[in-house]
Amino acid sequence: MTVEICDTPEAAVGDIANGATILVGGFVSAGTPSNLILALKRTGQTGLTAVANNIGLGDLLDELCENRQLARVIATFAIRASGTRSSRFEAQYRAGEAELELVPQGTLIERLRAGGAGLGGVLTRTGLGTMMADGKETIEIDGERWLLERPLRGDAALIRAWRGDRQGNLQYRLAGLNFNPVMATAADVVIAEVEEIVEAGEILPEQIATPGIYVDRLVQCEPVPVRWDG
Amino acid sequence: MTVEICDTPEAAVGDIANGATILVGGFVSAGTPSNLILALKRTGQTGLTAVANNIGLGDLLDELCENRQLARVIATFAIRASGTRSSRFEAQYRAGEAELELVPQGTLIERLRAGGAGLGGVLTRTGLGTMMADGKETIEIDGERWLLERPLRGDAALIRAWRGDRQGNLQYRLAGLNFNPVMATAADVVIAEVEEIVEAGEILPEQIATPGIYVDRLVQCEPVPVRWDG
Amino acid sequence: MASDRPPTGLSRELIALRAARELEPGSIVNLGIGLPTLVAGFVEPADHILFQAENGILGYSGISESDFDSDLINAGGQPVDLVPGASFFDTADSFTMIRGGHIDAAILGGLQVSARGDLANWYVPARGGGSVGGAMDLAVGARRLIIAMAHVTREGEPRIVDVCEYPLTAECCVDVIVTDLAVIDVTVGGLTLRETAPGISAEEVAAWTGTPLLIPSSVPEMSL
Amino acid sequence: MASDRPPTGLSRELIALRAARELEPGSIVNLGIGLPTLVAGFVEPADHILFQAENGILGYSGISESDFDSDLINAGGQPVDLVPGASFFDTADSFTMIRGGHIDAAILGGLQVSARGDLANWYVPARGGGSVGGAMDLAVGARRLIIAMAHVTREGEPRIVDVCEYPLTAECCVDVIVTDLAVIDVTVGGLTLRETAPGISAEEVAAWTGTPLLIPSSVPEMSL
């Protein structure tokens, strides 16, 4: 349960291995661990698989493509329907230099939840009768058909919260929750950037959305302003 | 989304049908909808199936056995290992007058969650190699065996929160959450007792653990003191 | 028909306005990215329609004109304002709402809709990869699915077709289609023209639709 | 052996104390109902052990002497006090913690433990029905499972047996057994006696155990 307070985001992400699978919290601009992503750009690991809601929607995850750090992306938004603005990831995907596994949002979060909660898989109707079901098992239960989706876990999770205490307990603000609390349960090493680190007890029990036992490292940094303009 | 404010707990539960399946929130004394349970005793429906964490542990659910209202109980705690004090339900269970389906706690909550979240079932290791797996399917995924457990829903849910607003949003206190928020997603009619009904906006967005869209009826009543002494 | 120019129907804003009229008072509604987002601006406050965004907000009133707060956005990344009684939750809880059938209606954009109500709206074969977001979950989970889209492509090809050529979002999921030219219901008997846009004839709608339309003897013009 | 009276070993409190010594500093621990609950009173505050209760509390310090608050109880219904940094969550999140492998150790009571570490602790055949609570999830999910129980039944029958006669909680789940007579590890080679209670010989432990015990050449007495 001991949480390590890191001085810099680079110190927090530096030992992530080449080839690791990283879960990256956030939803477009909300609750996005931009400092940790930029640190990873500087520490330079390659061959990474990133699991995130989106890439190239004003988020900084696309920055990791500048030095071709991402070998694979598992996401819900990745390639835009219109080609007026293209992300670095799109270019690498088209060039066959990076792989993409597109996953419906409700399935992505549930696969991560299964990974964190010790469940064997997800049984959903979402994706039945579509390309998403290609190559996947379906299971009939009481006459209804369900798509079996696999649990998903990361070697590391990069998440963002508003405040963290010295036991690693996290409080989020507004719509900053999104993927972060579930990702915190589903990785071997969980690294959180927060705006402020406070003493244990300052975040009230009812305000804690991620208990500190899930958090391994905490780093305090100013949020990086990000915004998607469509 | 319109929530009905009921004057009395009897008015809130009166139209539950004989033979209905009712989800009953709470965990021993915490977050237990005792007023709604006692109202159900007075309105007198019979042939009910009750889904609850416990029966006969200081909770008032056992009161419904006085007039043999429960035909079946799905619970995690039901029959105590020692016979020093016996509940009414135990007596009826032994006499073959009421059925019991015992379910591991983590499986019970996940079955309810699947029922509320539109998932086809639960794949868990819990119960494998035990009586709990008797007659149930197991599924092999990537070489590992998982027990398939069915989703669970109620015709009605009786839950308890601390405060409710006029849109039905609910705020819980301390360990009063337990089964209540998930049960609120998994029944056709959700009835909540609260200590206080306030205007919309008085419960802050971050404090709302059950959004009002899940709640059909709200009734304000003094909590009934309950306590289990083992 | 693709050689002619299609008639000029409703603007994007008027499609959104007409789609907004499909919503029942008191309903819980999810709006897709793009045109559907505009719907939030066209509902009557007295109707108490509550908008859900899959990133974890229930109860936003529309696009905000205030200072941008990066943590207060809808699923399209746009800043929103909240109504009293709004709440936040994580993505797992958001999709419990969506997949679990707790959303009364979703209004999504479309690339193609088929005669039996199949929807394709996440993958343009020429571009590959795709962006699905919450569309597949909304298509299977929302109690009523309303598609708001242009009746034909920029190249003049019908988007309402016998069978979708684009990869599906979900099968047999669409309840109603609102376009610049018409309101069309997906019924057990087939696609049924309910209303035409002002100045558009039922014959014109049929001509720019790529699959047979059932046309009642009297088809009213939309009142906007 | 059941005809003799078993030797007098540790009291319930001392079993709890000895079980508490099994806990690593900084670990997250769930305590079962009954004897295991007493363990909370025997940990060193400096060890920063954090107790989880399956009803949705992380960070309680022990049984409370304050006024009873019906919403602030452990999984056994007893009032508890909180430590700074404690948190509340619903049952779904509580079992994400438990089933997902986020609990370092669980201390549960036992009816029987078998030679290969099977546990039976939820169903007394003579009474039927059963009460399982979170025991099955803890048995499969906790990283380390410690059973704290009396070495023999009131009737003098061994609880540590070749094969459990009582219905199982889970197979091959127990790591260590702490009783009034001994500490026994479940190892790949079999059950191994690690320590004896003060005044109890290894031979006495073996005599009151219903399955072969591996007994190292030197077995220390517990230091309490």
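Note that the chains are named A, B, C and D in the order they appear, and that numbering of residues resets to 1 at the start of each chain.
In the analysis below, contacts are C-beta pairs under 8 Å (C-beta built on N, C-alpha and C of every residue); 3 or more make two chains touch, one makes a residue touch a chain.
Predicted model only: the values in this text are computed from it and were never measured.
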Touching subunit A and subunit C alike: which chains? B
Third chains touching both subunit D and subunit A: B
When the contacting C-beta pairs are counted for B-D and for B-C, which pair yields the higher total? B-D
List the centre-to-centre spacing of subunit B and subunit D in whole Å, with centres computed as mean CA coordinates. 29
If you average the CA atoms of subunit A and of subunit B, how many Å lie between those two points? 33
Rounded to a whole Å, what is the gap between the Cα centroids of subunit B and subunit C? 37
Taking each chain's centre as its mean C-alpha position, how far apart are subunit C and subunit D in Å? 57
Would you give the residues of subunit C that are in contact with at least 2 other chains, written as numbers and ranges? 88-89, 95, 99, 140-141
Residue list for subunit B, restricted to those that touch at least two other chains: 110, 113, 117-119, 124-125, 173-174, 205-206
Building nodes from the protein chains and edges from chain pairs that touch, which of line, ring, star, complete or other describes the result? other
For this entry, which pairs of chains touch? A-B, A-C, A-D, B-C, B-D
Given the complex with subunit B, which residues does subunit A contribute to the contact? 110, 114, 117-125, 139, 141-142, 144, 146, 148, 150, 173-174, 205-207
Residue numbers on subunit D that touch subunit B, as the complex places them: 53-57, 68-73, 75-78, 88-92, 94-95, 98-99, 111, 123-124, 127-137, 140-141, 167-171
Interfacial residue positions of subunit B with respect to subunit D in the complex: 27-32, 53, 57-58, 76-81, 83, 90, 93-94, 100, 102-107, 109-110, 113, 124-132, 162, 172-182, 209, 223, 225-230
Once bound in the complex, which stretches of subunit A touch subunit D? 1-2, 113, 116-119, 165-167, 169, 185, 199-201, 205-206, 208, 211-214
List of subunit D residues in touch with subunit A within their complex: 26-28, 48, 50, 58-59, 82, 84-89, 95-97, 99-102, 140-141
